[in-house]
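Paired with chain B in one complex and with chain C in the other, chain A is shared by the two complexes that follow.
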Partner chain A sequence: MVDPTWLATAPALAFGAAALVLLLADSIDPDTTNTTVLGGIAVAGSLGSLAAAVYLLYGGVGIPTGEGGSGPAVLFGGQLVVDQMALFFMTIVASVTALVTLASMDYVREHAYQAEFYSLVLLSATGMSLLSAANSLATGFVAFELVSLPSYALVAFLKKNRGSVEAGLKYFLIGAVSSSVLAYGISLVYAATGVMRFDAVATAIQSGTVQTVVDGSIEAQASGASVQMSILGVGIVMIIGGLAFKMAAVPFHFWAPEAYEGAPAPISAFLSSASKAAGFVIAFRAFAVAFPIGALAETGGAVDWFVVFQVLAIATMFIGNFAAATQETVKRMLAYSSVGHAGYVLIGLAALTATGDGMALSMSAGMAHLLVYGFMNTGAFLFIALAEYWGVGRRFEDYNGLGKQAPVACAAMTVFLFSLAGLPIGGGFFSKFYLFQATLNVSAWSLAAALVINSALSLFYYSRVVKAMWIEEPTGERTIESYPTGLYTAIVAAAVITVLLIPGFGYVSEVAFRAVELL
Partner chain B sequence: MLVETLLLVTLLGAGIVMLAPDRFAGKLAAGISVIPVALTTYMYYVFLTDYNGAGNALLSPGEVAFGTQIPWLNLGEYTVQYYVGLDGVSMPLLALTTILTTLAIVSAWTPIDERQSQFYGLMLLMEVSLIGVFTALDFFLWFVFWEGVLIPMYFLIGVWGGPRRKYAAIKFFVYTNVASLVMFAGLFALVFATDVTTLSLPAMATAFRGATGLPTFAGYSLATISFVLMFIGFAVKVPVFPLHTWLPDAHVEAPTPVSVMLAGVLLKMGTYALLRFNFTMLEATARQLAVPLAIVGVVSVIYGAMLALAQRDLKRIVAYSSISSMGYVILGLVAFTPLGMGGATFQMVAHGLISGLMFMTVGVIYNTTHTRMVGDMSGLADRMPWTVGIFVAAAFGYMGLPLMAGFAAEFFIFQGAFNAATLGASAPVLTSLAMFGIVIVAGYLLWAMQRTLFGGFNLETDYEVGPAAVHDVAPLAVLLLLVIALGVAPDLSLDMIQHAVAPLTGGGA
Partner chain C sequence: MAVAAQYYLLLSAAIFCIGLFGVLTRRNALIFLMSVELMLNAANINFVAFSLQHGNLTGQVFALFGMAIAAAEVAVGIGIILVLYRNFSDVDVTKATTMRW
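What follows is the complex of A and B.
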């Protein structure tokens, strides 16, 4: 046990503290544009969060005391639980935030309101860390909003750019609708079961009677009323809808290409990697703990949610990848491919049997993919940030011959793209085949077939960028005046980690598998 | 430790060459690539003296040569290891890979004149993956290398290829990637149906061969379905009719040294994998499906040869004839006789050398004449006597002239297939049809040679057509010597091959 227990939330606290320090700095000197100091605080906060998350993860928090760990850290009467899964996702969030803040130091150098920019990023990251540990629908919702609200402002950060403002507004409107769907779904689950805590919801479903939580322990309500399965089912489906927004899964994906394209590129990286991971962690925990598929199948009446996820996964894969294949601008292609990857990760909740077998394999595959994706996708968007920094155009042709002028960055981008496509140049290879393995494990042939078709398609459109960079001759005059240190460091670091995740994939997959088993 | 050294040295060499200046990148790459050749030659020598009687790496893993086995990672309940080693099948193919890479690098000195350090670096990077493919004994390790070959190949075709190189590169890329996924699905369906938890090839072989009570779908056993999926996956690489359409594009657009690697080694990845997975792990299914598989092989032989007959481009002729030659390998494998399977594996090596030689010769001619069209030139023998002499020898090797490697390989295959029990009554018919393929080969090669090499010299150029440089002809001579050496003394590799396939053919070699 971490002592005192609240220290287990150190990864979230580090983000929050850094955000507050930034606001303090801003109130002392409101006009400062000293990127080194402001960005430095943000990077330090993120690295602190990363160090805390990795330390706790390998320190055995969440692993039962009998097996050499120190058990999960339970806070606020079970509202927050810091266990292996929470720490796994906190690691993803902290890594992505560190890369994004580091890269932003060059990107926002010329802009006003830098302190606000960094503190919004960090506040959103605080929300993501808390979301990873949320163990109740209530804390989940609050953390969910903490993730979302700063990100609306961040997408519209380039306020003189019409695309950015438009994207921010669209993102906000769709976000508001899906938040209300989520809240309504939560209220229905509460109405049916009488409880918000995930484990209590599960008890209600298993026992069939409405529960209550008294002093942290779960008891049946005195009235002895039984759970209204139909209300519960509607609630679950609405929760899926609300969470699908954050994951950028079909049919709530419409905001994603707009927001990713209009937002400053580091924010696109942040949203498409970290924010997506946060959407998945709450979904993983809610559906693994609160709505156990086996119990739902036995009691009948409710909903076979894994079938819903199968449909969503297949639709998301196809729509994301086919749309990506038809794009003319690189950033929008990456935005759609990000939707497609949400479809891959959804396999984590879809490759199950009706009794819930195969969950450890499929969910850990989804988690591993999110971690690898956190590096390769962030890296790819940061490369776009670099291209925007240089004033290289947006279309594929504008990247022609870039490999000759910036070989290091283009080599890194090649690593990201091929890893995203699932070639063995980065960890994306293993995570894709791990997911594929999960679909075959439960004979989910439709999922497996969708993965094959989309994988081939993605190879086609990712290699368009590679082809432009290395194979095509430059079309116009282009001069690159400077090589920004922060962006370069972030991109190269992401590339190195992506490559190292091939030999190191074992650490990821084993921790993820263990984390799911311990849920 | 030798295999690891081999991989590391080559990888390190690739990195060094990539950073070297263009001026001497080619020479440096050739120098570095000699180290793997020396290492494999030493390993080959040790193998001949110490391990010559060793069995099949998958069926008697205790007898593996140069083996290393270290736990690597866990995917769910499945253990992945770093597990490498060699047996009589992989040893000759490994030697082929390293030798052909060095010669291909030397043959690239003349034609490759831009971005040289990247070209040679990628060639060495591809060699790393190829070495890995032939040495890995764990599925995921093998698969990393198997897919890893695609990346350098994509760039080698896409950057340095001919006019339609972009199309050819992406077609090759997507085609073979889809094939890999189909194969993966077939294999893992079996992994989940049996209770294998270690993803090493020997463990899989044991589990699949001993599997009983596999589920059935629509009347077909899972073993059959998996076999077909895996066969399709590997057949694309081989390639087998009708999955060959990427090959002519890739070959024609690829620069010659890359074509050499493509025909010489990459196609063998497909047949090697077929032997390892389909014909070893699912031996019983392969025996059941022998006749349809043999028909596929024979159709490839005839169809590939007919296509070659219809071509005017020398490179296309050689490219299509590879489809034909790979058909023989399929026929030899399904025979499940010592001579059939041994001959098929021997053919992989022999064809690697001969087709490499043919492509290289065509490349040398093209470098000098700047055309590959049969109708455009004649009488080259006057101007390039050495090159033409080797071309003629190589062509006769392709047609199966005795005392050359191709003859030995095809003779073994025909002899092994003619009475094959697996093919039953159709064995003589299918074998005779396949033999007819040789006649077509002779037809198109003799015709092409007669028109381009002999007669009065005729080629409209504004440049001098003269003998090729020594460093262009030297690799040809080396390959020709190897072809003759293997033809005169096939036991240099046939012996170890037959020991390795003996457990599949029912006993002694």
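What follows is the complex of A and C.
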């Protein structure tokens, strides 16, 4: 056991502390535009969070004491649980935040509100870290809002840029509706079961009677009322709807292309990688722990939610990838491809059978894909940030011949894109292959077919960028005056890790598989 | 209990649907915000009613969190609508269309 127990939330605390330090620095000197100090604090906070998460992950927090671990850290009467799965996602969030804050040092260098920018990023990251550990619908909802609220402001951060404001508005409006749908879904689940802690909800579903939590232990309610399965079913569907927004899954994906295109590019990277991972972690935990599909099927089947996820996964893959293939601008293409990738990860919740078989394999495949995706997609969006920094245009043609002027960054971008498409040049090949295995394991042929078809299609539109960068001749005059250190470091680091995940993938998938087993 | 629990469910479902209707039909961003508030408060009615029904305080605590979060959401939302007005000279959500869908 970590002693004292609250230290197990160190990855989230590091983010929160760094955000407060930034606000303090800003109140001491409100006019400062010293990027080195402000960005430095943000990067230090993110790296501290990463170090804490990796340390706790290796230290065996969440692994039972009988197997040499120190058991999960349970806080606040079971409202927060730091286990292997929480730490796995905290690692993803911290890595992405470190890359994004590092890259932002060049991107917002001239901006007047840098301290606010960094502290909003870190507060949102705090929410994501907490969301990874949330073990109740209540803490989950609060952490979910802590992720969302700063990110609305971040998308609209360029106050004088109409695209950014419009993106922020759309993101906020759809986000606000989704969180009220989520809140209403939670209220229905509470109405049916009488509890919000995930394990207590599961007990209520399994026993069929309303439960209550007394002093941290789950007891049947004295009145002996039974769980209303119809109310529970509507509640579960509304929760899926609310979470699908955060994952940018069809049909709640409309905000994604707008928000990613209009937002400052490092924020697009942050939202499409870390925020998406946060949406998935709460879904994974809620649906693996609170709404066990086997028990739901036995007790009269309020809702076979894995069928809902199958439909969502297939629709998300096809709509995301086909829309990406028709885009004219690179950033919007990446935005739609990010929607498509949400579909791949949804396989983690969809490749199950009615009795819950195959969950460990499919869910760990989804987690491993999110980790690899965290690096390759962040890297790709940071390359867009670099292109915006140089004033390269937005269309595919504007990238013509860029490979001759910036070979290192373009080589990194090539790695990201081919890895996203699923070629064995980065970890993306193995994570997709692992997902493919998970679908075959439960004979989900439609999911397997959708995965293969869409990966093949994605190679087409990703290679358009690669072709423009390396093969086409530049059309207009373009001079690149400076090579920003922060952005370059972040892009190269992301590329190196994407490549290193080829040999490292076996280890990652093992950790993910173990984490799901221990849930 | 004076009022049976299902009437609270009916009331909250009605308020939720009124809010959803407003979200889908209104073009003014401020009215949109009010509609979202209705939807959030519909959830709060459920929480408080079933807190009484189940005899535990979990729901009431969540309702308090819900109100605080709704307030924070409005604060951010008003800020975004303010910059929207500065850039587009209007709070009509259908006017802001520099990007195609």
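Here is the rule we go by: the second predicted complex is superposed on the first by the 518 of 519 C-alpha atoms of A that agree within 3 Å, B and C clash if a C-alpha of one lies under 4 Å from a C-alpha of the other, contacts with A are read in each partner's own complex, and residues count from 1 in each chain.
The definition used in the following text is that contacts are C-beta pairs under 8 Å (C-beta built on N, C-alpha and C of every residue); 3 or more make two chains touch, one makes a residue touch a chain.
What you see is a predicted model, and the numbers here were worked out from it, not measured in a lab.
Engineer: Touch check for A:Thr489: first (chain B), second (chain C), both, or neither?
Structural biologist: neither
Engineer: Identify the partner contact of A:Ser364: answer first if only chain B is touched, second if only chain C is, both if each is, neither if none is.
Structural biologist: Touch partner of A:Ser364: chain B, not chain C.
Engineer: Given the touch rule stated above, what does A:Glu258 touch, chain B (first), chain C (second), both, or neither?
Structural biologist: So A:Glu258 only meets chain C here.
Engineer: With both complexes overlaid on chain A, does A:Ala167 touch chain B (first), chain C (second), both or neither?
Structural biologist: After superposition on chain A, A:Ala167 lies in contact with chain C alone.
Engineer: Using the superposition described at the top, determine whether chain B or chain C touches more residues of chain A.
Structural biologist: The partner that reaches more residues of chain A in the superposed model: C.
Engineer: Considering only touches as defined above, state whether A:Thr353 meets chain B (first), chain C (second), both or neither.
Structural biologist: neither
Engineer: Answer with first, second, both or neither: which of chain B and chain C does A:Ser207 touch in the superposed model?
Structural biologist: Once the two structures are laid over each other on A, A:Ser207 reaches no partner at all.
Engineer: Let me check the overlay on chain A: which residues of chain A are in contact with chain B and also with chain C?
Structural biologist: The overlap between the chain B and chain C interfaces on chain A is empty, containing no residue.
Engineer: Note which residues of chain A are touching chain C in the complex, please.
Structural biologist: So the residues of chain A in touch with chain C come to 138, 141-142, 145, 149, 152-153, 156, 159-160, 162-163, 165-170, 172-173, 176-177, 179-181, 183-184, 186-188, 190-191, 194-196, 210, 212-213, 221-223, 225, 231, 254, 257-258, 261-262.
Engineer: Can you list the residues on chain C that touch chain A in the complex?
Structural biologist: The contact residues of chain C facing chain A are 5, 9, 12, 16, 19-20, 23, 29, 32-33, 36, 39-40, 42-44, 46-47, 49-50, 53-56, 58-59, 61-62, 65-66, 69, 72-73, 76-77, 79-81, 83-84, 86-88, 93, 96-99, 101.
Engineer: With touch defined as at the start, can you tell me which chain B residues reach chain A in the complex?
Structural biologist: Listed in rising order, the residues are 72-78, 80, 140, 143-145, 147-148, 150-151, 154-155, 158-159, 165-166, 169-170, 173-174, 177-178, 181-182, 184-185, 188-189, 191-192.
Engineer: Could you please specify the touching residues of chain A with respect to chain B in the complex?
Structural biologist: That would be residues 360-361, 364-365, 418, 423-425, 429-430, 433-434, 436-438, 440-441, 443, 448, 451-452, 455-456, 459-460, 463, 466-467, 470-471, 502-503, 505-507, 509-510, 513 of chain A.
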